[in-house]
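Below, chain A partners chain B and then partners chain C, in two separate complexes.
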Partner chain A sequence: MPQVSSPPTFQWIGRNPPRKESIDKVTGRALYIDDLKFEGVLYGKTIRSAVPRGILKNISFLPGVPWGEFTIVTAKDIPGKNIVSLIELDQPFLVEREIKHAAEPIALIAHPDKGLVEKAMNFVKIDVDELPAILTIDESLSGKNIQWGTDNIFKTFHIRRGDPDSIWSKADVVVEGEYWTGAQEQLYIEPQGVVAVASREKGVTVWGSMQCPFYVQKGLKPLFDLPEDKVRVIYTVTGGGFGGKEEYPTLPAAHAALLSWKAGGQPVKIIYDRIEDMWATTKRHPCRTRIKSAFSRDGKLAALKIDATMDGGAYATLSAVVLSRGTLHSFGPYKCEHAVIDTRAVFTNSPPYGAFRGFGAPQTIFAIEQHMDRAARTLGIEPDELRLKNILRKGDAMPTGQIMKEDPGVDGVLKKALDESNYLEKRRAYREHNHADSRVKKGVGFALFFHGAGFTGSGEVFLDSKAGVELTAEGGVRILSANTEIGQGSFTTHSQIVAEELGISYEMVEVATPDTAVVPNSGPTVASRTCMVVGEILRKAAADLREVLVKSGHLPGGRHTPEEFRRAALRYRETQGELKVFSKYQPPSGIHWDDKTYTGEAYGAYAWACYVSDVEIDMTTCQVEVLDFVAVQEVGRVIHPVIAKGQIEGGVAQAIGWALYENVVLHQGVMQNIQLTNYILPTTADTPPIRVFFHEHPYPNGPYGAKGLGELPMDGPAPAIAAAVAFAIDRNIASIPILPETIFEATNG
Partner chain B sequence: MTYPFKIERLASLQAAARRIADLQGRAAILGGGLELLDFARSGADQTPEILIPIRQIAPMSYIETRSGEIRIGAGTSIAEIADSTGIRRVAWPLTESANAVGSSQIRSQSTLAGNLLQRPRCWYFRNGISCFKNGGNTCPAATGDNRYHAIFGGGPTYSVFQSDPGLALCALQATLVIVSPDGERTMPVTDLYVDPKQDASREHVLKPGEIIREIRITPLTDRYVGTFMKIRERSGFDFATVSIALIYNNFHGRFKDIRVYLGGVAPRPYVPEKALNQIQYKKLGRGEIPPAADLAAEGAAPLEHNAYKIPMVKRLFREAFEVTYEKLSWRPD
Partner chain C sequence: MRTYLPEFDVVSPRTLDEALRVLSQNPPPTPLAGGTDLMVLMNAGQLKPGAYLNLHSISDLHRPIEEAGKEIVFSALTTYSEARRHPLVRRCLPMLGIAAREIGALQIQSRGTWAGNIVNASPAADGVPALMAYDTRVELASHSGTRTVNLCDFYLGYKKTVRRPDELITAIRISIPADRRIEYYRKVGTRKFQAISKVLLAGVIVLEGRRVEKIRLVFASVMPFTYRARQTESILQGRDIDSGLIAEALDVLKQELNPIDDIRSTARYRLGVAARLFEEFLQKARMK
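For the complex of A and B:
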């Protein structure tokens, strides 16, 4: 069990009831999308571009396949608008004329025989006039080949506080560095998959593995030119998302629906295999960050200049908001009165990069934390001492101008992590060891960081989320929310919050399947917002439901037993009929954000954390083994300690992969190592014991004080591991993944 | 998933051997089916049309001791081998190698003979790029990305030997019992693998219709020490970058009867002769190990991207000797 700083004083909060979906999953009753059987189903496949850029000349269907039996869709079959509705309207569902990236969808085919449809893919010939492609950030910025807007730049952000330029010449020490983080594949266990039934008469219904049913609905309406009530999207049990099922499922959903529409309403199933999933779908944005900093000789951070560029790929998708989060996490938990931050997301002819746990923050956090270690090395100050001289305390301001109204307790988190990991003693011992032993080097390092929960700035206000609860026929309560269970435990934690608020048993709460025809739009299941933001909306809805029962005289005010609630609920339903109570998001007071100047309170709440990694490097194989990992975080309130710990452990393991193993090899802008034999993931045997500690400092605007924590564990491990490796080999580490080749080159170069 | 396989059930191993010999390349034995499924999915090889399930024809999955030998049915799963206490007691390098195979799912499904006869993991071959092994007349790895390829004995092909149990069986001097249309014969496992200079298109000498029925091992006595070790990119689900199987004994205070094979570095199990000769018959002593290890990569001819394997070979050779040395029942230092 993870250590939680305060013992639970609640009936359900802070306890570990069995997960709502666990019995179904362990007994195999849970039905994933590919388990669903549909009468007369056609299997759909996507024909994709083999080149990164070109003009589509012709699509021919070669003899050797009974094409007459196939349903075939190209861009000209689209009944409505051929544009994916996201931030910018630039991405087509199917290429009409210009191909912008390899693996871009060009045509769709479907047939009742799955084997035949796979074979048929080899009999489709795509004629393309190739055009010069942009394959790197530098090529994109060079201005020689403009393909997006006037400068290939999707979005820029600029934050300024004070006047850094007035500091450089006066500073005792100026430290500069450039940092690189590579792409990463989400690698949910269940690949992308959907089934669609679509016709003009009956509208469109889609079942699928996804995070955000309402995003898919929003994408399908203009595609078929249908009103909202004619497009229904139903979540099916989903085997992981990590952001990869945030915006992407709209594409396969649209493709299956287009095939079904053309086939006269026959159901069409599209399930990507692992190779297609890795080749064609979104990944984490690669990011290059340059940092210049000025320090006084005793280690006070005087000025900071950060310049980060993310590769957005061939369409804008979510790059602007990923970049925003990266920007707002780029300066770390440090006080700096003179800071300037410039960031941009640029176009390249790669498949679009997209949402991935952390959403831009892990990239810039890696840079600032490696930079602080580099500065410590330059200044000759221990990294922990340098941090303590500069951390944010009560009254300090972030570069955005956000004032710490109360002490965020960063030093407490740091101290706890260093104590639990025995950091200082290991540091001494490993120095001696490394001096004596050339075969195995040892290192210990840490990262200090924060993660803002929920949408950035005014994002939650624009979302205007709505969620609710209703009485069931059995006298219990059903949660009505669009937020999906993707392994993170949202059905369980939401049920705990509602049970706590209503004073009923956890078993009396059930969760409606997220189905756009049944549940209100409570916003997407992203951004560490599901527990904190939607959980609080549900808590309020539950409070309102109780009030209705009390005011209508069915429930006594004050305390009641679960059984009394059940009887009251049944009586209410008998006499008054159904009862559904909805609540909406209300922004916390005192939060102001200016999207134009990028100043104000970017996030209502931050989770604060310090992660420590202990590594050993075999200098013959140049392999890094993480021996111990300590994760200390302040998350407001832990709703379900086992689930919370699972989130941290899973995130740390995923980030170990990003830091040490996962190398997305690109050629012509598209991933080459698209199998699990050559895209190396850490196995459980490569994952160290992960020791998780929670500090609780309840956040007044989260349910029972909870803040978001889902993305937090993705932020810290890479910089902590890189710091430990840098210590072990006594070299700066500036890029990840830290492959054996990286160590070899660093130590033999 | 539907694949155009036809299953034929035959009455005896002999009949299966004859049928496969008659059909030449169009038929294959179905054991664990892992390789067949892989190739059917990737389309990188000519997939056989007819499959002959082998495990139902005759007892193929057993581990027994007879005539002073351990006899292992060719269809025995790698997991059964890993779990066998008999093998652990008298042929522990095989146990160690079995535990290093793939994942628990793969170990449960794969057969010993299938593991011995697995095709190379070369990424050119596996991804259907034309090469000697799929009907072509080049080896793209010779000049391409050859980081996982051979540093010894390569040419004209450079794919490497990848069977972990195969390496251990070489060190154990195992014998194979082969059924063919003409009858039954035995051969040392070390003769199973073919030099690419003689036949670049395949990795073993068995002709269509020759079926491995049984693997026989002479038990190690307690004078012997031995181990199997493997360097890989992750701790599971992975093939060896470099592997070693080592067995020797203490013969009146000397290193004796050393059998050492390296995997992942050559098209066949590779014997580092120079290093072996350096330490064979030397008086037992820790000090003898490093000079031999320094010779372990003698004769290496690395390609453009795989010279990194040379220090790994030396290091693994040294570690294998050091680890086993500690297990000797008597040692002078």
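For the complex of A and C:
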């Protein structure tokens, strides 16, 4: 990657213009899905299974509510295919015969009186012949109860480099460990919600809270057996997603549309309350990782064997891709010539686990980083020294064979983080303190990691994303992209990129509502790709639009003022009519990926980071308090420093929750603590000052050098906090969440 | 909200007499004060349909906090915020201020009531342990008369109290404790604020020299109801406090407490932490 010797001065990149949607949001003008009024709306609810597995025998509607006034839908009412179109075609929209998980949708009811629908939920009786369920990874792999394929395994990946088996017997030190990360609820502030209007004549229109309108469109076409132009999906202001609104909204959208279809085209609104949202929707995949490693006595990593298993839940959904990313982040930023990585996602009778910020990477990063700390303890080498002996440098290869063509600068990121956190001094002081004081234990720990931005391997090529810009009637520019604003600031950063490229003011750029009838498919709003991948497509589209204006003689070839652009745009529209310019994704040159051998460049760009956590544990209650948090990352180019910092701070807080508080309690495969009184999130009183530092090392294939950063902050905090806790109590930490109960048991064993 | 509102009735009497008359009907309506728990249940569809008695329409039930002899008296609708702000409470009953601050957020503190905290009978009540440690009496009124019961005798089991369905709390009488007492209030929640407790200890100890003249040990979230550890108290009562006595009392406490296992924590953690809080309290008293 070329180092920019003298950073260019930008008009909009690296500045902090007000967010495009913030005034509407803070004044309450922004309308979320539940704020939208529809004439004659029916309120829909989903009848779900109470058991993890069984054969559906009968659905009865008991006396006590006026059922004649209700619209009722079961699988029999589905006009097209009862299959959610994702990677595998295994999941129905409504159960036909076999129930595969608790909370699985069985029937739908709707009525104009919202309260009466709630009451009616208690008057539906589901008769089921229960079948034995699989509730754990071990039960799934035992081979005793096969429910998916021949072995309950959705997907496996294998990476081979060198021959670790030739190393173990002659290694100085072999370190083994098993690590566990639990499920986590995305907990967007706005729960899932949609409104649908559907009829054979007019087709299907859906409004809703979502990340990916084209995913919903893809899911609804076969359900109603309708062509693309008859299924329209419109994004409404969305109160957070974190992956939870990547693939899931297709289900409520389909349910609302089925009810509307049955009700003769009356609009149907389905809004989950928090309880239903936590009970029934996707969460982060639980993951068990076993690592065996060989080191020389002086700390050189000689061999690595990683074996990770993710619980996928009852349907394949996105587990294969989550697993892929987990696999490709499992080895950390370390050089190892002998590495074998085997991973799998397995079936259980739990609601399907799904996309969640980090997408599999936080799970395996937790494991490898805890393992490196465990190795450091075994070897008697300081964790930072052990890392420095093994980090990837120029010319080194990852286990996938991806060569570092330039120095990724991992040591610089590590050094900066250790300096800013005063790590070495704290380490020394806390060791002394812990020796003298048994009432309060102090710890400091860090995690070193990377996150690949954009889709894995050839994913972006398959997506073939397209985005564009058009001239507005006011002489400005409107962005046409399917990428949604879910709180991450994409409307703003995209506008900055386009304004910069066109040499116009930020205020002259507006963003079209992501509506499948209006915008092209620029791919999903996921995978830290929106700024880096779609931003670059938009930059090229903007450059092409400018060229059209120049070539047609409306704009001078050299510099121009925003006002000159505006006049040129207006003249163009007067004489030539509308102007829309689209651009498509161009794969960067020199990137090759082999899906069969899992070798090559898994990602075109990686963000590199080191996070340091400083903790204190009250040994009376075993409660951990994070006192200070330092987050250093190299992200190419920061487009909007305030937004970027906000992404890191928010992600760190979310990951502190995963590390210390958020304990998804499962019973019969389904979450029990489904209220915010018993699913515990950290509040601002529980989160420390989060100190964010960016390094910029522009990436030539991202807009103005930008790489992805949205998921990065989910990766580092859990291993950094676990390392700090392990240091404080002088014991290995192998699983999260690290609850006070965990520490109590560990220190009173 | 998972509730069909037409199935709920709210009765709003103007006077206490009228309220007590309504309560004597069969079935009696459920009194509704701050709604801290009722509204959560209602949202979740777990609140039983039927009649509810709105207490806010009765001005008699909402009197300012007052001093009466050696007692401070709360009315039925005295809120946590009122107690937090009240100079007399802050001076004489500091644990109530600390407890009030631990309950929910400002919205709940401004609406939630001490009487509701008592009657709701949650094992995890934050206010009740402090009241109980201060020797509080509860005035219960019904159509047929008024009686006063000690708060420490109020609970009979999980969500079971001595209050009859036709009775309403009309006053909470808290004894002003001795000046030379040592207090302890510590809530161990699932996070710093806006949390339900996993273990809580409210304690008061009065020493005469080194001799324990009086001791109150009240635990929340450890047993199925707010629990006064009388066996442990009686071991300490009248004896000189030293490390030997503390160790002896600790053994008794571990026998006396039989903690619950639930979605929020484990019995082992609760017992272990309850014992540590107790020890922390007694060490603090011993060092005085």
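In the analysis below, the second predicted complex is superposed on the first by the 741 of 749 C-alpha atoms of A that agree within 3 Å, B and C clash if a C-alpha of one lies under 4 Å from a C-alpha of the other, contacts with A are read in each partner's own complex, and residues count from 1 in each chain.
The rule is short, and it goes like this: a residue touches a chain if its C-beta (ideal position, glycine included) is under 8 Å from a C-beta of that chain, and two chains touch if they have at least 3 such contacts.
Source: prediction; values computed, not measured.
Engineer: Under the superposition described at the top, does placing chain B and chain C together on chain A give a clash or a fit?
Structural biologist: Pair status: clash.
Engineer: If you stack the two complexes on chain A, which partner ends up touching A:Glu745: first (chain B), second (chain C), both, or neither?
Structural biologist: second
Engineer: Please indicate which partner A:Thr561 is in contact with in the superposed arrangement: first for chain B, second for chain C, both, or neither.
Structural biologist: neither
Engineer: Pick one for A:Ser22: touches chain B only (first), chain C only (second), both, or neither.
Structural biologist: Neither partner.
Engineer: Which partner does A:Thr575 reach: the first (chain B), the second (chain C), both, or neither?
Structural biologist: After superposition on chain A, A:Thr575 lies in contact with neither partner.
Engineer: Which of the two partners, first being chain B and second being chain C, lies in contact with A:Thr621: first, second, both, or neither?
Structural biologist: Both partners.
Engineer: Determine, for the superposed model, which of the two partners chain B and chain C contacts more residues of chain A.
Structural biologist: C
Engineer: Classify the contacts of A:Tyr661 with the two partner chains as first (chain B alone), second (chain C alone), both, or neither.
Structural biologist: In the superposition, A:Tyr661 contacts both chain B and chain C.
Engineer: Per the contact definition in the header, classify A:Ile680: touching chain B only (first), chain C only (second), both, or neither.
Structural biologist: both
Engineer: So, A:Ser142: does it touch chain B (first), chain C (second), both, or neither?
Structural biologist: Neither partner.
Engineer: Output the chain A positions appearing in both contact lists, the one against chain B and the one against chain C.
Structural biologist: 115, 620-623, 661, 677-678, 680-683, 685-686, 740, 744
Engineer: Can you list the residues on chain A that touch chain B in the complex?
Structural biologist: Residue list for chain A touching chain B: 113-115, 620-623, 661, 676-678, 680-686, 740, 744.
Engineer: Which stretch or stretches of chain A touch chain C in the complex?
Structural biologist: Touching chain C from chain A are residues 115-116, 118-119, 121, 273, 275, 620-623, 661, 665, 672-673, 675, 677-678, 680-683, 685-686, 740-741, 744-745, 748.
Engineer: If you look only at chain B, which of its residues touch chain A in the complex?
Structural biologist: The touching residues are 1-4, 121, 123, 231, 233-238, 241, 308, 311-312, 315.
Engineer: Spell out the residues on chain C that touch chain A in their complex, using ranges where they run on.
Structural biologist: 1-7, 40, 43-45, 188, 190-196, 198-199, 263-266, 268-269, 272-273, 276-277, 280
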